[in-house]
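Both complexes shown next keep chain A, but they swap its partner, so chain B is in the first and chain C is in the second.
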Partner chain A sequence: MTEPLDRLSRLLLKAKAKALAEENETLAWFRRRPDYRPEFEYFLNIVGQGDLAAIADRAGRPVIALLCNQSPLELIVAAGFQPVKIASGSLAETSFSGFGWPALTCPVVKGLLTRLAFKSSSRSVPIVAPATCDWVAKFGEMARFALPAPPSVAYLDLPRFKQDPFSQKKWLSEVYKLKNYLEDLRGGPITRANLLAAIADLNAAYAAFLSLKAARLKGQLSLSWFLLIVGSFFGDTPRRWAENARRLTFKSNGSNSLAKVFLAGSPIFFPNFKLPALMEEAGLTTVADDLCSSERIFPPGQVLEDSSLPGLLASLAGRYHQGCLCPTFGDNDRRINNILGQKNEAGFTGVVFTVLKGCHPYDLESSLLEPALKERNLRFLRLETDYAAEDRQNLLTRLEAFGQSLKGEPGF
Partner chain B sequence: MKIGLIRGAIQWLSFFVLTYGGRVGIHLGSALPCFACPFVPGCGGYCYLMGLQGYIGFGLALGPAQGKEILVALGWLGVFILLVLLLGKAWCGFICPFGLIQDWLTFIRNKLGLRERYLSPQGKKYLGVVKYVFLGLIVFLPPLIVAKILPPDLYLPFCNICPGKLILPLFAGETRYLAVNLDNAVTMWLSLALIVVAAVTLVGAFFKDRFYCLFCPFLALIHVLRPLTALRLVKEPTSCVGCGVCRRNCQMDVAILDQDQAQVQTIECVDCLRCLTACPMSGTLKYKFLSLTLFAASRWTRLRLRPKP
Partner chain C sequence: MKVKVGVDLGSAAIKVVLTDGAAILWRGQTPTAPGQEILAKKVLKKGLSELGLTESAVTKVVATGYGKGLCGLAEERVDEITANATGLYRLSQGQGRLIVNIGGQDLKIIHLDERGRVADFKMNDKCAAGTGRFFELAARLLDVPLADFGALSEKASSVVTLNSTCVVFAESEMVSLMATGVTAGDIASALQTSVARRVASLVGSANLGAGVWLDGGPALNKGLVKALADELLAEVFVLPEPQYTVAFGAAITV
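Let's look at the complex of A and B:
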């Protein structure tokens, strides 16, 4: 009995060392880039969310880990916690085979379980999980199976049909459930004043996010930096992140790429920046995206007219449910409108859709979106990949060809 | 563009003009499609509902012998139609002084941190019928008074129970409608009804945004002309993501705002434009005068960082 455990421990230690090396390699890659600026250093220092204890120390408050975007961040901040969306973008973590998961397991969840196995300090952090895809819904059970001391997972039963009024009511009751859960953890009630202060903080972060989005739209911020800066949002308090993001200055780099694209599909998490790096190498300028690891961290719909506590909770519930474009929803057909609406603003002519192997909802979504977007004269490139580097050249070739087709070069 | 500020400024300006304008010689006529109450001493214009009751009852109903009155009545009707065609529901959202008073109550409720009470769709449907009952009073009672079937004290039947008659004159120092009129049984019951309606309206408007607009006969009258109005709210459904922020911020809880349809301006819509201000999808909602876009929803300019603690 002890021998297999020892073997598991050895494998975990190896994975941990590799994961750390991967993170350092990605950070070094960012620092070597010609568009690196010292003002980005703050974001490079907070982007890794592997060590939740370090984030708690930095934020000066305990951490609540989140599995998806639908938990109202304002409520968690109002309760005095630091929300941290946890997900794995590490090849070493996802390649770990010690638990015997199926081959096409979602790499984000698989890698996360590996990380929790070797980061025992992170296991004491409570996790809030809105039940989005099957992998997230099964995460708690998988954690109990794999980890000797599994973390506590509080599930929110996310209704899959967001436009249905009964679903909206059900979700509101789940938001109240979350409020009660947080109040139990906090040991006191969340007041209207707490919530208003948290909303002000998140609104400031949203304003900073919009300035980053505007800079990217003007070609002043590359995709990689945008994903890194926005992805680092959970590494510090929303207020401090917003202050640092607002301090960034942007200058035009003079390029006016014809190959403007929209990036959609499965999320891209630190330290895996394979795809953004390849897109940049292929000469594609990404002017907007709808990744849940990027733009969708900040869902729309945050103007709150009814500022009573129940009014604020109802508004937040709507924002994080009806306003969410996650493909796990059964009535998500208007997600295409987000792409078409942004097309008018950003002027892209192509959509790059990334499907992470094992991420079934996005796999299906790409099949639904492709014909609809092509019908509206948008070129569409579907890339199925994982965190490994083996398909780099193949992806680059396809991206370059896609870029040439967007520029209207001969042969396309 | 700060739509809320512009709208607020116009609301305040129109409140002062319509409440005190007469004192400086301003009078905008007798066909205004909003609650510009004629019972306010020194007001700057008259609500058309009073004219409608008067002209129907004492103009048109008197028959051909009163030809001049009929022409005057038709003239004011023409002015009313023209004003509605020009500004549509902006009369409700931008100009109506009684609308502004209801918005003050909402403001106070928000400051106190009290929640808004929502009506169920069924409840709204039933209450919405009341506006047609009021329209019925306006159209059918005056001829009955002229024909002496009903007592003359019922003259201007809608005005007698309109909360504006009690509340708006208070801003000009006129308090007589607060008292019960004991001249006879009819006036007593009417004045009591007025006090009750005004009290219910104030309490209702405190807990529910634009509560009285649910019953306002103007919404029904203006809506008849909606397809022809120059000023209107339009939606581009192909860029709507259905986030629902428009409906959550709508003063009248218009149920179809976030649905996939172009025509979202229902009978309840009062052109408060809170939907347009909140909408995060650029260009999805537009407020247009004919083909000229006055305001458009924008991802970039909607950052109203409120509420603040």
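Let's look at the complex of A and C:
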């Protein structure tokens, strides 16, 4: 009777070892790169988010795990928690949960179910999830179905139409719901002073992020390092991460790439850096992106017109809802304007759009974006992929040809 | 005489072209196997010998294809999409606007602008459906050389439909059809229609007014050319030796 369970446990242990090996392999790859610098070590050491207990120890506060970007981080920090966005970029984690779910299940969610199965203590880390795509909305149910010790998932009912005043009101009430939830967990109220201090911390992180963005725009920070450093944000307190990011210095490398691109589409999570690595190998310079695992971790800067507690909450609600470019929204024209608005300053002439197999909202988004961007003289390359390595050569061929087309005409 | 050399290291064959920059002076190929650089060198040596040249006549070697990184004899490398576009535009005397390239393990649709530059392209993902690998498998199952596929399909007497272009599923489907007495001609015809439909789904609603240029080894299959023309409702052109377009393009691109 116990044999099948034993086998499953052994398979799970094997998946865990493989996932760890993937992480170590990616970290080693970063350390071998010619543009590695010792000051990047801090970020390499905090980037993995598999061990939430280690992050809690580092941050000196309990962790709240987050799915997606719409939960106001300031509120979580104000309540005395360390926000950690959880997502899986691991092939081993994704493969383990391969059976039992539809073939085109979102790999981020599938992998996350495996990671939660690694730890029997997963129940102790509460998860907050704004109901964005169908996969995230069903995550809690999937976890209850698949895991012997499912985590507690507190859902926020995210309205899909951002410009509708009723939706905005609804979302504000969800933010209040989150506040109450956090206060219950904390055992005390979130005060205006706590919240202002948290906003200051997040603003400091945002300022540091802008300096990283500027360095990438000037070609002083590669795509891979940018994604790693920004993606490590949840591995430590916002203030400490910001201090370390601010300490980085950048110098001009004198190169002026002819193949500058904007990266859009599905998120790229550690340790899977297949696509950034291939883009660099193909000679593409990524000068901006709109990935929710990268630039969109940080919502646009906040203007505080009303600094009362309700005023701050209303401002946060708007920033994380109306400011969000997630493709799950029904009114999302800003995603195109966001790309076009950066075109002149960043100087890119092409957009690489990545679709993770199973990520239906971005798949649809690519069809809507392609003609609109081409009309504005931007070249567009859609790449559908997953975490496996088998399509590396196929992807590289496409990226090389895309780069060639951005550089101009073939030499004849 | 000085020559430029293009080497296309594909998944099915290594193709080598020697050119003076304007026309193909010599071409040859060998099946892909381990030791690609040695194999490419052998073909190149043969070409130089047949042209009465020595290595000193070679001004440049450019590699393309999936194995381009393995070809140490090349000074330059170029991606196969750019090489294909360049080669076909030149060999079609500037007429080509849309290329369908069926390679050993991929399928490419390349749109060219009026100057022969790559305007856009599509490519299948890692699945080998509808590629040369599909034909190789069928040739093995039917025990018919690939070159005879076109003639075989002309003997088709009934319309059979393959339900999948997936290499794995199609194999078992073909075996089942053979077991029920369906003729090799009918199966070959079904196979070509199936691949043509797969190509058509990638071409979509593109403007085909200037026709379609089919290249890669499977373009030698006349049955496939006809099936593609029927499916796309467009004229399909094939160069005399469509398997060398990419190697030629590589030689003249860089």
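Note that in this section the second predicted complex is superposed on the first by the 403 of 412 C-alpha atoms of A that agree within 3 Å, B and C clash if a C-alpha of one lies under 4 Å from a C-alpha of the other, contacts with A are read in each partner's own complex, and residues count from 1 in each chain.
Basically, a residue touches a chain if its C-beta (ideal position, glycine included) is under 8 Å from a C-beta of that chain, and two chains touch if they have at least 3 such contacts.
The structure displayed is predicted, hence computed values, not measured ones.
Chemist: Identify which of chain B and chain C touches the larger number of residues of chain A.
Modeler: Touching more of chain A: B.
Chemist: By the touch definition at the top of the document, which applies to A:338: first (chain B), second (chain C), both, or neither?
Modeler: So A:338 only meets chain B here.
Chemist: Should A:397 be classified as contacting the first partner (chain B), the second (chain C), both, or neither?
Modeler: Only chain C is touched by A:397; chain B is not.
Chemist: State whether A:405 touches chain B only (first), chain C only (second), both chains, or neither.
Modeler: A:405 sits against chain C, while chain B stays out of touch.
Chemist: I'd like to know which partner A:385 touches here: chain B for first, chain C for second, both or neither.
Modeler: The second partner, chain C, only.
Chemist: In the superposed arrangement, what residues of chain A touch both chain B and chain C?
Modeler: In the superposed arrangement, which is not itself an observed complex, chain A uses no residue for both chain B and chain C.
Chemist: Show me the residue ranges of chain C that touch chain A in the complex, using the header's touch definition.
Modeler: Listed in rising order, the residues of chain C that touch chain A are 66, 78-82, 85-86, 90, 106, 115-121, 123-126, 252-254.
Chemist: List the residues on chain A that touch chain B in their complex, please.
Modeler: Interface residues on the chain A side: 162-163, 168, 192-193, 196-197, 199-200, 203-204, 206-207, 210, 214, 299-312, 314-315, 318-319, 322-323, 325, 334-335, 337-338, 340-341, 344-345.
Chemist: With touch defined as at the start, can you tell me which chain A residues reach chain C in the complex?
Modeler: 379, 384-385, 388, 390-391, 393-394, 397-398, 400-401, 404-405, 408-412
Chemist: Any idea which chain B residues touch chain A in the complex?
Modeler: 109-110, 113-116, 237-245, 248-249, 258, 260, 274, 277-278, 280-284, 299-300, 302-309
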